[in-house]
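Quick heads-up: structures coming right below.
Next come two complexes, and both contain subunit A; in the first it sits with subunit B, in the second with subunit C.
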Partner chain A sequence: MEGGSDVGAWSFYITTLLVYFVVDALSAFSLNLQFGYAGVVNFGFIVFQAAGAYVAAVVTLGPSGGQASFQQYILGSHLPFPLELLAATLAGAVLSLVVGLFALRRMRRDYQAAVLLIVSLIALQVVSADVPLFNGSNGLTGVTWPFGQLFGATATGSPFLYLGYAAIIGLLVCLGVIWLSRSPWGRSLRAMRDHEDAASAMGLNITSLRLQVFVLGGAIAGLSGGLLVEYIGAWSPGAWGYAETFVIFTAIFVGGVGNYRGVLVGTLLVPIIFLEIPRFLPAVGYPGLTDSLEWVVVGLAWMLCLLFRPRGIIPERRLKASLHGSPREPAPAEGSA
Partner chain B sequence: MLAQLLGSAADGIVVAAILAVAAMGFTLQFSLTNVLNLSFGSVMTIGAFTAYLVNVAGLSPWLGLALGTVAGALATVLLGRGVLRLYARRRTQLFEMMMVTLGMSLVIDYGIQAISQNAIYGYTVLQGSPIRMGPIAVTPIQVGIIGIALVLLVAVEAALHLTKLGKALRATAVEPSLARSCGIKTSRVVLVTWLVSGGLCGLAGVVYIISTQSVDYTTGELFLPLIIAAAILGGVGSLRGAVVASLVMGLVTEIVAGFGGAAYSTVAGFAILVVVLLLHPGAVFGGAEDRQLVL
Partner chain C sequence: MSGPMALGAVDPQVVPTPGAPVLEARDVAVGYGGVRAVDGVSLAVYPGEVVGIIGPNGAGKSSFLGALGGQVKRSRGHILLGSRDISQLPPHERARLGLVRTFQTTSEFARMTVFENLVTAAEGDSGASLKAVILHPRRTHLREQELSERAFGIMERFEMTHTADLYGRELSGGQRRLVEIMRCLVRHPQVLLLDEPMVGVAPHLTGKLIDDLRGIAADGLGILVVEHALEVVRRLCDRVVVMAFGKVIAAGEFEEVVADPQVQAAYLS
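Moving on, here comes the complex of A and B:
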């Protein structure tokens, strides 16, 4: 796979993109469940992915100060497969429970979103500054994957195998998310999103429901982080700036809020195709200029989506439920043109 | 121990002064337009970089302070009048407006990152040797920053309560449609508010980098959590509340930092908001779901 031939390099590149696609699809599905279905605006989403990635890294790197003594971290151990992914999932869930307990209290939705954004900004500051936690701004490297003894030390050495492994996990989780959103639980999420007071009057416990979807989303985020770090082998604060959350949000907007097929298309378009195209363009300016400009374009795309297509390019299909031939309820007001 | 505490408290008051300038601007804008403006941090960075460029050009740092203020005001008016109006015309709701301001923040932050080549620039002007009073050491400019914050508090409070425009502003903040039917040109009131709050924001950016002595594209974003926390904790629209909340947050963050928790200083400041939120949810985040967008 690491051969110098063009074919090898190309297949490696494509496989890597597909692994990213699986991770981003997991993130987008999780965020769509929270935002598209439940109306919970998780502006700190990337923090939960980061938590999963860090935990998956430290529980496989071995005790701190051991073979990788150039970096320091907490919780160092050697957990076998699949415990490290479980630990990552659990990390995302526990962190989102803690954050959710104060961020999801009944308050204006814009305050809620701002609080979550602040959590994202502060978490980055803390992890960068507190070196003993996860090796500060240098981050962790040397993360291996669970099948090291069988197929070679790192996942990038056997990308096809890793892709298969990630794809199976991704597919199962995504199907689970779709199933959940169609379940009665998913319908109550939508009820909460569209009319909180009415849903509350129907006997739904809004606070608990919101916390449930937040923790579930956090768990999936943690899992996606674990999958990502085992492939790329390193994780640092540079990988989870607050802006990363908005790539996923933009993907959802481009695809269609509340519409999983659309979300999948959006995930393919925004984080994969759009963010990878510049690699094939001739380099302009100083190194890193293209990256900055990409973020500017993500911001503009986000603003354009809000201006022209606030419900996404392929919007959510309305639920068609009629009782005894009574007319369907009018569509919720849409701000789109 | 006590010496450390006093030293940290002095630093805390300086941070509080910077925070107060920004929080006053934020709360003024928020109480009137009801848009939770997340691009506030980015505008701070614009002000800071303007001052840096003035310094590079070899001009007086005081001119940098003035031009940073002007840049903040112009940027805010441009965003408020140019961009947010566009969305308001399409009946974008308050909540989506906040998402729009976040998009603006992304564009500005990473635009600045592109222009500044993602580097950190030193900004060591007006520093001067510290004045020592026992364990407390403050530089003349730090005293100046505290003075600026106090003067601004008095000036803006006076303008709000003594001038006709200030009265119009308060009226519009409480009940925009009634204010409009009383003949108040709310659109002009909003324009003035954008100018004043943007100016405060730009100024806060400049005094912030005078204090930290460096500037990069994340400058405002790192400060944004404390600004929002202070503005919300102080009660939206209350300048005095914002200043008191800034003082509490400044003291807490610097004392935590002084006693070895530098990594957790912002967390400590934000934790105050969380604790208040948990103990008295109504006191801070009461109702106001039906607030109208005023642009």
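Moving on, here comes the complex of A and C:
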């Protein structure tokens, strides 16, 4: 753990955790929109975050030095803020559109999930093996923060500034997601989630809705990747294994599928608190055992949640008629005979 | 109920000319591999008419309904809504034109309230689009209020207002059936397809539901209903079509159809 000279190690650590919290919250909101609202089981979610991270990296690193350089990549340029984040967002959206067009065809949801998981595995192999693309398994380093450069600041040198920057962007996007989720469009997504055939028989274009939420979620994933890479300054295949998707899924399940307050709680608990605890445990057994405990914790959290609290800590909220802005109140319930 | 009316602009082609059927199936066939579940079925439903389809298990009734709604792929034949051929249209476009349906197993949106079930169905297409929500929030809000009124109107008609804030999964079997039917009616369709609407409905409510459906048909809606309970069919339907082995073996008024030796043989076989 290395902080700037004027920032203590602990405050740097906490600030870094909070930046991760913002990025994970964006991911969890995006995945909750896709899964919690629309029922799309996106087991390839991390790929779209990775796409955003890679694109944000290469468009800020400058032109690639080619094979002679220590890292080679495509699309090298120096885009200023906010174009690099827009490029990251666009990368997530475009990749989602391409993947969605074949992975979300009319087939069972479990098959779609399997296809997306396979996409995740293939993408990791391709990016690791194809060095000219994004420097292969070594990944990219030296990524800068265009917004900070306007003030002569670096992300890790001014972690509080970066946290504020990421938090504002994260907050705006998360509020936008909540607003959309509560809109008639969000309600259509929930109808699709609950019964696709019935929703279709009521006039909803399921194929289009599914693709819309997939692309929107992919765009947010790309943005979250861009925000993360600008802070940590490096990105490689080690950062986006398929298991990372399951960490976000676990956060949603633990917090409460379909409830954004629950999603925030789950994001704080799973990728932040649960996964940080093993770092403070004394080293036991063979080297790396403690690190591996992270995945045991994630798996256990998911299983225990499904067993004892399947709707999560804060379950999906009942949106009463009055909460929809309905001018009329329903008569008092007489029970559900 | 103010008579049949699709949401937004009504395609003039789907409004039947006087005396013409509102729904017509011509030589419709459905195959599953080598099995012909529906084999050349033709029938017509006129505005204001309730037509029942009966037949033994495996006769192809639900497959035929699925072909009409677009959930099941046809292998041949044509389906006309008014004078418009809708054979090639996906289910949501058929619904937008005014052909809606319920399913054999209840299909309420279980994690949505009854109110949300109805409003979602009512808006169906344009109001739910991402573009409309983002670019026209004011218009969307006004539309929500209009749809809310319609939802409450239909709940009042079916005496279900007290369930407005209950989740679909919290309802009884009969109430779920009612929600499905209300969800269809709130769209002001031209044609309503019902697949065994009385399953799960408490016996004392069956009579009321029959009266409601007759009342709805009297508003000019065409209803095609698949039903096993013959007493329900007798009371509800103007005409009855009998299917067996994927084909129509008899059609006419209830009393004459059930007396048909072919029909009796099909039920006994």
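Here is the rule we go by: the second predicted complex is superposed on the first by the 298 of 337 C-alpha atoms of A that agree within 3 Å, B and C clash if a C-alpha of one lies under 4 Å from a C-alpha of the other, contacts with A are read in each partner's own complex, and residues count from 1 in each chain.
The criterion applied here is as follows: contacts are C-beta pairs under 8 Å (C-beta built on N, C-alpha and C of every residue); 3 or more make two chains touch, one makes a residue touch a chain.
All of these numbers come straight from a predicted model, not from anything done at the bench.
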{"item": "Partner chain(s) touched by A:P184 [first = subunit B, second = subunit C, both, neither]", "value": "second"}
{"item": "Touching partner for A:R109 - first (subunit B), second (subunit C), both, neither", "value": "first"}
{"item": "Partner chain in contact with A:A201 - subunit B first, subunit C second, else both or neither", "value": "second"}
{"item": "Contacts of A:R279 with subunit B and subunit C, given as first, second, both or neither", "value": "neither"}
{"item": "Touching partner for A:I118 - first (subunit B), second (subunit C), both, neither", "value": "first"}
{"item": "Residues on subunit A lying within both footprints (that of subunit B and that of subunit C)", "value": "337"}
{"item": "Residue numbers on subunit C that touch subunit A, as the complex places them", "value": "7, 69, 71, 90-92, 95-96, 100-101, 103, 107-113, 115-117, 119-121, 123-125, 127-130, 132-134, 140-141, 143-145, 148-149, 151-152, 155, 161-168, 170-172, 175, 180, 183-184, 187"}
{"item": "Parts of subunit B lying in touch with subunit A, wherever the complex brings them together", "value": "36, 38, 83, 86-87, 90-96, 98-100, 102-107, 109-111, 113-114, 117-118, 221-222, 224-225, 228-229, 232, 262-264, 266-267, 270, 274, 277-278, 281, 285, 288-289, 291"}
{"item": "Subunit A to subunit B touching residues, read off their complex", "value": "41, 43, 102, 105-111, 113-114, 117-118, 121-122, 125-126, 129-130, 242-243, 246, 286, 288-289, 292-293, 295-296, 298-300, 302-303, 306-307, 310, 335, 337"}
{"item": "Residues of subunit A that touch subunit C when the two form their complex", "value": "180, 183-185, 187-188, 190-191, 193-195, 197-206, 212, 216, 258, 316, 318-321, 324-328, 330-334, 336-337"}
